[in-house]
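The structure is given below, and queries will be raised subsequently.
In order of appearance the chains are A, B, C and D, and numbering begins at 1 in each one.
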């Protein structure tokens, strides 16, 4: 479509070719920062940004995100990771390096509603998102055109109560074939099976409406209208086996009034949904999220 | 305490001595505005502000708030109300005139937490609220000082499971004695009986926390913390028999993060609660709220 | 592109085929509402929504927006307007009827930045905006593709300091040829001449960044960064001869921090700009704006 | 007044008796974090929270805030600071330790408007602020009562164009006598001399209104009203010689409409001002602000 994306991406990859991020979770204990920063320093890395959080300094859980520059990182990262391993074991960490010259590969799942999809595509092609979108999967044929017009393959895989296992099998094969890192459910109106979710644990991002107070169950906009809520919102979260109960990534709200009918509420809801989902995807792309139990630490 | 209040009140009463408001609910039908505005015009009233809302122009419910100036209103209002009655009957309206030279009389119920009480008192004495506060009632003795220092009587009426009917009786007598128009529950931690509520239908304003998504039941801040919510809020509503399920008047939110522990969330919650409750009281004082079913029209 | 638009438009036109709006400005005086609602009632119109505002009930300016249903409006509107004229003259009004079965015709002017354009097009094709977009005009060829892919003609009219009068002449001819009602400057980076503006007084909508405090002049994002602002915003306004000083329609803000570099600020700025501009266009499409002096009344 | 404060303070002092914060500014260079965390670790300190920011990893400025627990800190801090000095010199840092068992001492300057003062006092006595308020200074006698009712001395020092140097001398002596750490101008309507400011560089916090776009000069609310702004705000900043141009600490906004007259705008403005000022004071109390040039890094 537009050619801004290619230029942006190239400039991004050039600017950050030696940049990496390290995410850490472990039990809190003295010396963590000292040990980690020492290894990085000894390998010639310069810490650009670092965030920490500890649930409780006397025996809680410790979280850390470090962003660093390491000149000639492509050549040196093997050695860095190798030397990091003893510390990781000593401190009983979960840790993960990610390198900004390897763009994350995002798959989008969509049904018939296009607002979230189009917003993600716009941010992708305008260079707000630095990632690859190798494919879009849908249980409906409707949204093929805007996807293919950007040169992105669109897979139409119908889902019904009889073929669900086969459909998910087909989806998983595509995700594997395209080497997908994470999945965004852009108003995908199908419940994924626990088995599917297991393959992408904390790597499937969903968006749903939210209200103050919440209306669980069917027809939420209608019930929010009947109760006359003054604020509506949307919540983005990682998908877990508990439907819509996974760790919250990002939330947003807008004020409404009695003048909004159900259609108006849905229209405003769409605007919030696409905004909140895009922010959640951005946070994920920047490796800013650590999941801990059923909550997120967002640095 | 400070003497700003008296000056503000006098100036307010002088400026709006001939100002009144009319609230209307009826079935929608052609000619409502024409008939109402004609009567007002014939009595010499000038419409200053007028808001309407119709749930559905073909047979829904019609709501209207008219604010008008009527020179020498004190003398003329009897005749105006009398001439309005035939229209009210013809259109099968619910209607209510209120006159700005008659300050509303607000009672505050409070327990031990002072943030909502102090904010209401501050707005009262600083002249943001134009009303009387003839008394404060509490089931604890703790907050006597800031109330009495403003010259407002403080009634300490302990409530427990044995004496609740007697306590409510005593409260109702005080409300009657002081000629109270409406009651504000400023974090009053007792459930009012249906019988009590009946005496002040749609005239008791409550405030409670709200979350996206909602956490119904005990320990909401703890559970919001555990789920890692990114936005917390508060909801002000009229009290009905369904605890915390009455018509919503006003809502507000603030963003939070994983860095907020349970105490921090409660602290932010207090700030939102006092702000939202004050705005709800302001709307009530200005006769901007019409209750319809379980929702509010806020003009 | 997508075929949702056509369906939405048809359903809109069918639902509101008998709906109209009336905007009024005049000196405040008793009886305005009575007289206006009487005429509407006598012609069989049912007022669906009505908003008024008076700068000062004793001799200020009075503003009113009435939305009404008039069955068989297409046939009856001539007579209604004719009978309205004597009242308009008596009260020395400015007034304007608009009919919802006549979709407003919006032209978009754009340069190289696409964020506002794409958002407007998305809302158009998704059925959030009920209007026609007969053409897009640009001083650059870059954004032809997304416009033409929706079947909208794209006119590339280069502008430089030598050809500006001719270019504006050409633009005005196109606007006339396509019968354009109003113009949206979606980041159009050219200053329109006073002569051009005169043809579309209070019918050209612009968007620009805004800061607390303001940074007038060149490189505003750079200066906002240097000052370390914590909130950035955007303002949409009608274009007048005073560059960026016209009546404000809508504003919006987002919080930022020291972590945002200049590029980040611009990225957030783009998100606010497209959101605020879309809201301003929505208000204009719904005839909710009355300009008075250098300010707007937005009902 | 209320006795909550004393209890809160004691519990705070007990909980954080071994907690300290370290603020650092220096040129960015590899190894900073490693060196700092090593010293802290060797002295037995456990890093509880750590934030960093670098304007540019290749040669920019590096900022860091570390919060740490050091058991028996009162006894050990001398040695820690001594051992830190060589690193500070090596890296050419500006650094500052602060200890949470030493409450900051805040002076409030006020004139006639009470909204900011009362909010600060409420947060102080309710235990939201952990600090001492040893005195309030005013150029008017009006607000003596609410201050003295909390047992805080109130000094009335009239200021006029003739006595300004003497008045400031008197103020400075009081600040010295009471061992004041920082000053909050809670709507203090006098301009402080450069000489006064020099004594409390980046330790005087001011609040002023802000608009999108800004209205510099006299009668800002009147002009904001005339332009019909839709959002008003407030900005809190450190006082520098350039009036109202110092480094911004915190900002806030609220939406308004044409219905707000000048008085309403001022009323909303007061609510934003007290909220934004309180948040700025909170950030200062928690040592979250580093001033760099004319901007702040807020961790």
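In the analysis below, a residue touches a chain if its C-beta (ideal position, glycine included) is under 8 Å from a C-beta of that chain, and two chains touch if they have at least 3 such contacts.
The chain lineup, named per UniProt: A, B, C, D = Formyltetrahydrofolate deformylase.
Since we're looking at a predicted model, the values are computed, not measured.
A.B. asks: Which chain lies the greatest distance away from chain A when centres are computed from Cα atoms alone?
C.D. replies: Taking each chain's C-alpha mean as its centre, the farthest from chain A is B.
A.B. asks: More contacting C-beta pairs: B-D or B-C?
C.D. replies: Of the two interfaces, B-C and B-D, more C-beta pairs touch across B-C.
A.B. asks: Please report how many Å separate the Cα centroid of chain C from that of chain D, as a whole number.
C.D. replies: 43
A.B. asks: CA centre of chain B versus CA centre of chain D: separation in Å?
C.D. replies: It comes to 36 Å between the two C-alpha centres.
A.B. asks: By residue number and range, which residues of chain B touch two or more other chains?
C.D. replies: 49, 53, 259
A.B. asks: Across the complex, what residues on chain C touch chain D?
C.D. replies: 53, 210-214, 216, 226-231, 233, 235, 244, 247-253, 257-259, 293-298
A.B. asks: Across the complex, what residues on chain A touch chain D?
C.D. replies: Residues 28-34, 37-38, 40-41, 44-54, 57-58, 69 of chain A touch chain D in their complex.
A.B. asks: Mind pulling up the chain C residues that touch chain A in the complex?
C.D. replies: My answer: residues 1-2, 4, 49, 114-115, 118-119, 122, 126, 128, 142-143, 145-146, 149, 259, 267, 271, 275.
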